[in-house]
Amino acid sequence: MWGGREGYETLLNTDLRQEREQLGRLMQMVVEHKHKIGFKGAILIEPKPQEPTKHQYDYDTATVYGFLKQFGLENEIKVNIEANHATLAGHSFHHEVATATSLGLFGSIDANRGDAQLGWDTDQFPNSVEENTLVMYEILKAGGFTTGGFNFDARVRRPSIDLEDLFHGHIGGMDVMALSLERAADMIENDVLSKNIAQRYSGWNEDLGKKILTGDLNLEQVANYAVDKNLSPVKESGRQEHLENIVNGFIYK
Amino acid sequence: MWGGREGYETLLNTDLRQEREQLGRLMQMVVEHKHKIGFKGAILIEPKPQEPTKHQYDYDTATVYGFLKQFGLENEIKVNIEANHATLAGHSFHHEVATATSLGLFGSIDANRGDAQLGWDTDQFPNSVEENTLVMYEILKAGGFTTGGFNFDARVRRPSIDLEDLFHGHIGGMDVMALSLERAADMIENDVLSKNIAQRYSGWNEDLGKKILTGDLNLEQVANYAVDKNLSPVKESGRQEHLENIVNGFIYK
Amino acid sequence: MWGGREGYETLLNTDLRQEREQLGRLMQMVVEHKHKIGFKGAILIEPKPQEPTKHQYDYDTATVYGFLKQFGLENEIKVNIEANHATLAGHSFHHEVATATSLGLFGSIDANRGDAQLGWDTDQFPNSVEENTLVMYEILKAGGFTTGGFNFDARVRRPSIDLEDLFHGHIGGMDVMALSLERAADMIENDVLSKNIAQRYSGWNEDLGKKILTGDLNLEQVANYAVDKNLSPVKESGRQEHLENIVNGFIYK
Amino acid sequence: MWGGREGYETLLNTDLRQEREQLGRLMQMVVEHKHKIGFKGAILIEPKPQEPTKHQYDYDTATVYGFLKQFGLENEIKVNIEANHATLAGHSFHHEVATATSLGLFGSIDANRGDAQLGWDTDQFPNSVEENTLVMYEILKAGGFTTGGFNFDARVRRPSIDLEDLFHGHIGGMDVMALSLERAADMIENDVLSKNIAQRYSGWNEDLGKKILTGDLNLEQVANYAVDKNLSPVKESGRQEHLENIVNGFIYK
C-alpha cells in the first residue's frame, strides 16, 4: 500500500482528521478483505515524508505506528522501509529499521539509497557497507525477515546510459548487501554490542526496575523508595566512541 | 514533561523498545499521580526532534501521538508545540498545530521561532504575521485554547546586548501575535476556507461516504458499487493559488 | 546562460579544474562574441546549487562571483537570482539579492519561490509580502534594475488543474510583488535602516578607518596606534529585534 | 584566521560590501606583515557557513576563493577544510577537498565529522573509512600536503564522560585515517579512476580542444568548425555505478 500520493499540498484545502479517517477505514477494509479471501501475504505501508506532495501521511515509521494504532491495525500491517525515504525524513536508514523492529512493524526493505546532500529521491543502488552492516545487524538481531526481503527499487544515474551500467548497478548493490550481511553475521556471532546494551539496562531486570515497569509501584512509592534507600545513581559513560570502534573492527577486519 | 533529553546519541548503545517502555510507564505514573492528588492542570509533552541529542523520542506531534496511544494516554496528555521545534523537525509551524488539533492533542504553544536556514534552536521572538495568522486561524477554528496559551520561550539574539533589546523583543512579539489574532478572527468571521473544505469532502457526508466510514460496506461491496453505478469520479482542482490569495487578502486588507 | 546542467553527478569521473576551464572559456567566448556583434543585452548566469545534478558549478551568487573573477568576467556577466534556488542553496532570497548588489552582479530576478520544507524546485508563485518587501527594498536601495526585471518562472501546483488556476497564480503573484514594492518604497522614503547602518559603520569614514581601508596603515602601525591611544572599543547592540519591528511597522501599517 | 564569527546575524543592520572591504583589507595586512617579518608559515582560512552567526562570510571553499581573488590573495592564503563544516554547508567532505585542490587553495584539514542528520557542529572523531578514503585519495592525487596536515578538532560525545573515552576517540580516529590512507595509496598505485578521467577529457588535449581553451578560436569559428565538419558528438555514459564499485573494491579488498 505505497502511500506516495496520500498527503497534502496545502493545509488551506485539507481536513487532516477527515483524510486520516478515510485512509484508516480504507486500510481496515483491505485487511478485512485479506482475511475474508484467505490471503496469506503481508500488507505493507512504505513510509515516505514528501515528494511529490508537500507532506505525506506515512511520513516515517513512528508516524505510521500512530496511524496503525489508532485504527487497530498495528498487528495487521507492517512497514516497507526505503533507505532513501529515511534520508528524506531526516533519519538514518539504521534508525528507521531499528524503530520498526522495536515497534513490531518490520516488514520489508527497499535498499535504494539517497544522497545525504540532496532533498529528493535519487533511488541509487546501495554502495555503503558501513551503513548496511548496521541495518543487517539490526535485522539479524530481531530474528531476520519473517516477511518480505531486500528489494532494489533503484535506477542508474541519468548519465549512466549504457546497458552495462544496469549490470554494474545491480552487481555492485548485491555485493554491498552480501558483504554487509557477512559483517553483520560476524557481529552477531561475537556480539559485544548486545552484551553492552544488556548491561546498560540490567537494573530494569532487578526487583525495583521490574516493579516500576509492571505498575506494581506508583510514583509516590518510587519517590519514597528513592528517599528511604538514599538512592544516588552515578552517571555512566555512553561509550559511543568505543562502540563505534568495535563496529569498525568488524567491518574492517 | 519537556522531553528535551529523552533520546539517544547512538543506536549502538540503545534499546529503543526498552527506553520506550520506561518512558511510557513514567508518563502513566505521572498521570495516575495527578488523578490521585486531584491536580487539575494539563500535562503536556513538548515535541522536539533533536538537540542536544541526535534523536529525541518526542520527535514531532505525530510521533508523540503514537507513543501516547501505545500507553493509553492519548486522552490524558497533550502537546506543547514550539514553532522552532516544528522547523527542526522539517515541518511548518502550521502543520504541527493542525496535526495536534486533528488528533485531539492540542495543549499549548511556545511561539518562539527558528530560522528556516539554520539547523538549531535559535528561539527568536515571533515576527511573521503571515505564519502566525495561519496558526491563530487553526486554533480559533478548533475552538481556541482549553488549556495553556501562548508562551515566548525566546531570547534576544546574541549581539542584542542592551536592556532595551529585551523590550523590543517582547513588544514586537506581542504585536505580531495580536495582529495575527485580528487577521485570523477576521478569517473566521468570513470563513471562505472552511466552506471550501466542507465542499471538498461533502461526498463523505452522503450515503455512500457515510457507509464506507462507518464500516457498513466492505471492500468488495464498494468495488461492486463502483462497477454497478459505473462510477467515474472527475478530478477537481485543489485551487491552492486561489486559497493562498484569499488568505493574503485577509492579511493585507 | 542558465547553468542548470553544468555540474557533476559524481566526483569519481570529474576533473573540477578542467571543467571550470572549459566553462570559463565558453563564457569568455560568449562575451567576446557579444561585443563583436554589438549586442547590447545583458548576459546573465542563474545560480542553482543542484537538481538535476548532484552539484552545479553556479551554486550560489558568491560562487558565481569567484568564477567570474577568475576569468575576468565580473564586469561582463551578471546574475539572474531565483528565489527557489536561494532556498535550495541554504540561503534566504534576501541574502542572494543583497550579495549580488554588494558584489556588483545584480542582473535580474526569477521571483518563483520554493517551499522551506522541501528540497527540490517547486517553482511556486510568490505569495509572501514579508519576504519580497525586503527583496524590493534591497533592489531599490541599490538603485533599482539597470538590466532585467522580475520574471515568474512559476507553475501552478500539480493538483491545480483548472484554467482559472493559472489566472489566480499570476494575479496573486503580481499583487504580492506590487504590494511589496509599495512597502519597500515607503521604507526607502523613510529610511531608518540605512541611517542605522551608516551609524554602525561611521568609524570607517573617519581618519583611522579611512587609512586602514586605503592601505595607508599596515598591521604594525594599527597595532601601535591601538596601544598608543589606549583604544578600548565598547561593544554595541546589533538591535536586531528593534530593526525587525521597524520593518514590520512598514509592512503592516 | 578562523572566521567563525565573521558574518551577520541579520541583513537589516549589515552592509555586506563594507564588511567585505574591511575583512579583505585585514587579510591583506596580515599577509603584508607576514612577508615583512619573514614568517614562513601558511596562512589559512577555515570555511564555515554558519553557527554561531546566521551567515558567515567564509561559507565554503568556493566562496572563500572569490573573496581571496577580489583582494589579490589567492596565492597567499589557503583553506583549512573541516569535515563538519562541509556537512553544514550542504557539501560532502570530498567535495570541499576536491574544490580546494582544483582551485590551488588546499592548505590543511580538520578531520572531525558532523552528523548527516544534524544541523550543527558535533565535532565527532572521524569514523568512516569510506568517506576518508576518497578524501585521502584526492589529497594524494594532488601531491599530498605541502602545508598543514590532519588535525582532530574533535571532542567525545556529551555522555562519554570517562577518561578512557578520550583514548577510544583518538585511537579510533587515528585508525580510521590510517586505514583510509592505506586504501587511498592502493588506489593511487593502481589508478583506474585517473585513467578514466583522462580518457573522458582527452578531446581537450587534441587540436580543437587546445585551440578553444587557449583562445585561438572564437565562438563563431567554433560554430563554423562544427558545421563544416558536421560534428555530431555521441553521448557517453558517466559510468558512475562502475566507478563506485571500483572504489568499493579498494576499500573492501
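Brief remarks on what is shown
Labels A, B, C and D are assigned to the chains in the order they are written; within every chain, residues are numbered from 1.
We take it that a contact is a pair of C-beta atoms (placed from the backbone, for glycine too) under 8 Å apart; a residue touches a chain by one contact, two chains touch by 3 or more.
Being a predicted model, the structure only gives us computed values, none of them experimental.
Legend: contact pairs of B-D compared by residue number with A-B, A-C or A-D; the interface matching in over half of them is A-C. At the interface between chain C and chain D, two copies of one sequence, more than half of the residue numbers in use are shared by both copies.
By count of C-beta pairs in contact, B-C exceeds the other of the chain pairs B-C and A-C. Fitting chain A to chain D on CA positions gives a rotation angle of 180°, reported to the nearest 5. Averaging Cα coordinates per chain places chain B and chain C 34 Å apart. Between chain C and chain D, the centres computed from C-alpha atoms are 24 Å apart.
Rounded to whole angstrom, the centroid-to-centroid distance between chain A and chain C, based on C-alpha atoms, equals 41 Å.
With touch defined as above, residues shared between interfaces to two or more other chains in chain C number as follows: 9-10, 55, 90-92, 117, 157, 159, 238-240, 244. Chain contacts in this assembly form a complete graph, since each chain touches every other chain.
Against chain B, in their complex, chain A makes its touches with residues 9-18, 20-22, 25, 28-30, 32-33, 36, 49, 55, 59-60, 62-63, 65-67, 69-70, 89-92, 94-95, 98-99, 102-103, 134, 138, 193, 196-197, 200-201, 204, 212-213, 215, 218-220, 222, 238-240, 243-244, 247.
On chain A, the positions that touch chain D within their shared complex are 90-92, 116-117, 125, 127-130, 156-157, 159-162, 164-165, 168-169, 171-172, 175-176, 179, 235-242, 244-245, 248, 251-252. Taken together, the chain A residues at the contact with chain C in this complex read 9-10, 50-52, 54-55, 88, 115, 117-120, 157-159.
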